[in-house]
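Here come two complexes built around chain A, the first alongside chain B, the second alongside chain C.
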Partner chain A sequence: MEAVVSFEEFSYSYPTREDVLVDIDFQVHRGEVLGVIGPNGAGKSTLCRCLNGLIPHFYGGRIRGKVIVAGLDTQEHSTAELSMKVGLLFQDPIEQLSGVALTVEEEVGFGLSMLGYPKEVIGERVAEAIERVGLKGLEGRSPYELSGGQQQRLALATVLAMRPEVIALDEPTALLDPIGKYEVFGVLRELASEGSTLMVVEHEIEELAYIADRILLLHGGRILSIDESKRVLSEVSRLKEIGVDPPSVTELTYLLEREVGVALGEYPTTLPEAVRLYGEVLRS
Partner chain B sequence: MGVVRRVLLDKRVLTGDSIIHRLDPRPKFFFFLWISVLAYVFYDYVLTALFLLVILALAAAAGILRRILLVLAVIVLPGFAFAIPILSVLFPWNETLMFKLHILGFELPLYYEGFTWGLSWPLKIAVCVSSALLFYLTTEPGELIALLFKLRLPYKFIYMVTITLQLIPLLLDEIQTIYQAQLSRGLRTKANPVKRIWNFLALVIPLTLSSLMKVQTRAIALESRGFSAPVRKTCLYDIRLRAGDHLFFSAMIAVTLLLAYLYLLYGFSPIVHLKFYYVAG
Partner chain C sequence: MRPLIEAEEVWFSYSEEVTALRGVSLEVERGEMIAIIGQNGGGKTTLAKHLNGLLKPTRGVVRVRGLDTKETPLEELTSIVGYVFQNPAHQIFTSRVYDEVAYGPTNQGLSKEEVDARVEKALAMVGLEAYRDVHPYDLDYGRMKLLTIASILSMEPEVLLLDEPTSGQDHRGIRAVAELISRLGREGKTILFITHSMRFVAELAERTLVMAEGLIIGDGPTREILTDLELLRRAAIKPPQIAELCLRLRRRGIDVDALTIGEAVDAFSRRLGADAPRRAS
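And then the complex of A and B:
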């Protein structure tokens, strides 16, 4: 499969902090959803900032190795150039609003207008992006009048309108209430099923288990493991050791096996999977 | 802060459909520049008062008269209160005695030149402020952006202007949040003036730090959306000159010609024929 993102022997130190990322080497393939998990300070957000050239162009610092995104070396291309290839979504929906758009429609079109697209193209792409995130009917509303979940979906629409080859989401639901989280993950599931290439940094591992094809486990700036999500999430003791909570159903199964001696043979990572496995055990 | 916030920031309630609102932003902006320049070209308090009356009439037509009067009361009335008494007595070019005031056994001569000077300057400021408000309060932010685009200003400048107007309410909310947080942590508001200034730091420092952090996050978000791309940006808003706008421009040209004639005939003080000369004269 074609690699859209490629970290090659990559290490990075901020001007004020050493070795935030060390020997990072992995690829994200087209149409793949890569979940990134790890405890606080593991380097997850820094990893996202490398994708669109914010590192090194905005933050400075020392780099070793390369990050190639859609064929472009992020050290040789500006963030503005990379904005067409990579969409970046942050935690706080308010702070990623342009601040000058009066309506949802204008906010979605802001990025395209910055790149000088003709109005007709902007109109088409804006309508399409708004539809994809389920904000149809709210086009004329002020971005500041939306709920947290709607604002984050709006932020996602601003990214989608640019039609990037990969979307990096840095804890997109961290500041949202449960309804907001549900709304955003609903859109992410749809994007994943449509074959979008996503890199999702998330503490909501339960939700990540549903959408991620593979999961990258970061700790202290180093990759501890990168594998199919089921495999990584099944390493319960390893996850607990570094302070990452596995999905509840996975942890329950692990504890039942370790403390009660009931083994299912495999660890479920999502609720439907757990229902199936436990159903089989109970029936037998 | 209350008046400023009510008049300048709670702008969304001012969206209207008056003849002034419907004008293109260009004639309104040009009107602001034009009448402000005229107010400073002529040293004539009657003429300046007439300019102000015209602006207030337009403000009334736009339904924003009360708001503009409120600002003028805050900015211009203190100007009269200070400038008229001081200049009536101490203006260096005073020569025409109006009358003498007797205060506590002292005789205080009041002169015409200083009095009119003290009257003119706050009026000039009133003309500038009210015409600027007339433009600002009847122009949608989108129209303002389109106007700045038409003026071919650099996009960074356009963004700076528009973000300032949009973000001030958010900043005020932030101040309120920090203020309440500090109050609940024991900040005393009823203290002596020195202590109050000291307490003020408890607001300013967190506000500055949080603003700097927000600015950095916003800068990152903007960069990620191609803000610095070296291309000509697309303006999402349209503005178009219509018949009413041409009529407005024509009226300004006609009045300019009339005032130029008056200037050539009578000088910078056509109505009151002031007897003193401005410092340059």
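And then the complex of A and C:
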């Protein structure tokens, strides 16, 4: 499998904070969705900042090892170059808006026009990105008139318009209300099914379980696990120990096994799985 | 005895264009634990700010312990109803944890000894005793949230309003707030909290209000609210995963009912004819 992102024996300290990431070694493969979970302070955001070279070019600090993104060593290539290969999406959509675009359409095309792309290319890419995030019909609105969920999808469209090889999303739904979360996860599910390469940091693990092929569990700057989602989410006691709640249905199954002695043979991690499993077990 | 808080047909407009409350009525009794849920822009925060007089109704009346909030000085109201802001940065303004927590009781005119005692008690309550001399911004986000709660608790209000105590928190932070709220509830404090986490609502609240477009569209026992699919659909809220699991199983003819993981462990093990769990969780 082709690696789009590759962390190679990578360790990092900010100028003012030691060992924020230690011995990080993993790949994100083309077409894969990698979920990243862990408590606050685990180093998840730092991991995202490594992808487009904000670390080390902007933050400084000390590095051991390498991060390679789309074939480019992040220490040898500028943030501008890396930005063409990787898109980053953060918690707060407002912070990502250009602040100068008057309409949704302009906002989505902003990055491309700054880079001097021809008008036709911009028009085509903008229309496509707006379609993919489900904002069709709102092209003429002001970005500031949109709801939180719409703004976050707009921010995602601005990233998609650049056609990056990989998108890293740092808790993209943390500040959204339930509708907003639902909308953004809806788009992420679409992107995942279309084969986009995504690295998604999330606390909404019940939602992440639907889209992530694999999950990386980060704690204290170190990788505790990286494996198929179902496997990582089934390590209930390990997750609880470091303060991460697995999906409710997974925890339920774990408790039934531990406290009541009822073992299902596998741990469901999504609602449909749980309905199927418990549908069989409880009927008999 | 009349309710602790009464809101009667409250309307509120931030400006001519923006009407945030459109005739909200509510009674809160002493000792209640109430969740307020709904999408952003539905009026949750605006309502909460009316309950301690931070905002006054454009039309209608809010009474706290029988006092009309329009006619009562804010400091009198805020010592009855404490409001914890969603964003700690909107609340924190001193450079030491101790000062932050001491500010309220000092303003209440308490003696130095009393203030000290209040601060120690509030910090112990939220588990921040070890951080009294730390700069608030040196705390991690979860502890900063706990600090903002402590700085309200030190005024010993009868009612605590918490605006999204779970937002921006990881699971451990949410767990810490849940434990604190449930302890305060057991001690008899009246608590209202706004949250988007339905798991949190299911585990803590006895009563839940659903707000949309400036109105309370649902008000009742949490169990009824979180299983009223029509209501949740109108508010575009997904029930907690366990409630949804039970609902789908009931559609398949399997009669189980639970809102929380603990309840589901009991209900499922009964149904399986297994021994009851060794401990309730």
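The criterion applied here is as follows: the second predicted complex is superposed on the first by the 283 of 284 C-alpha atoms of A that agree within 3 Å, B and C clash if a C-alpha of one lies under 4 Å from a C-alpha of the other, contacts with A are read in each partner's own complex, and residues count from 1 in each chain.
By our rule, contacts are C-beta pairs under 8 Å (C-beta built on N, C-alpha and C of every residue); 3 or more make two chains touch, one makes a residue touch a chain.
Note that the structure is predicted; figures quoted are calculated from it, not measured.
Of the two partner chains, neither chain B nor chain C is touched by A:T269. In the superposition on chain A, contact is made by A:L88 with chain B only, not with chain C.
In the superposed model, A:S6 lies in contact with neither chain B nor chain C.
Look at A:G111: by the touch rule set out above, it reaches chain B but stays clear of chain C.
Touch criterion not met for A:S234: it reaches neither chain B nor chain C.
After overlaying the two complexes on the shared chain, residue contacts for A:T46 are found with neither chain B nor chain C. Once the two complexes are laid over each other on the shared chain, residue contacts for A:P247 go to chain C alone; chain B is not touched. Of the two partner chains placed by the overlay, only chain C lies in contact with A:S147; chain B stays clear of it. Of the two partner chains placed by the overlay, only chain B lies in contact with A:F58; chain C stays clear of it.
Of the residues of chain A, not a single one touches chain B in one of the two structures and chain C in the other. Per the touch definition, chain A reaches chain B in the complex via residues 49, 52, 54, 58, 78-81, 83-84, 86-88, 90, 92, 95-100, 102, 106, 109-119, 122, 158, 162.
The residues of chain A lying in touch with chain C in their complex are 39-41, 147-148, 174-175, 177-182, 203, 206, 243-245, 247-249, 251-252, 255-256, 259-262, 271, 274-275, 278-279, 281-283.
Residues of chain B touching chain A in their complex: 140-142, 145, 159, 162-163, 166-167, 214, 217-236.
Chain C meets chain A in the complex at residues 39-41, 140-142, 167-173, 175, 196, 199, 236-238, 240-242, 244-245, 248-249, 252-254, 256, 261, 264-265, 268-269, 271-272, 274-279, 281.
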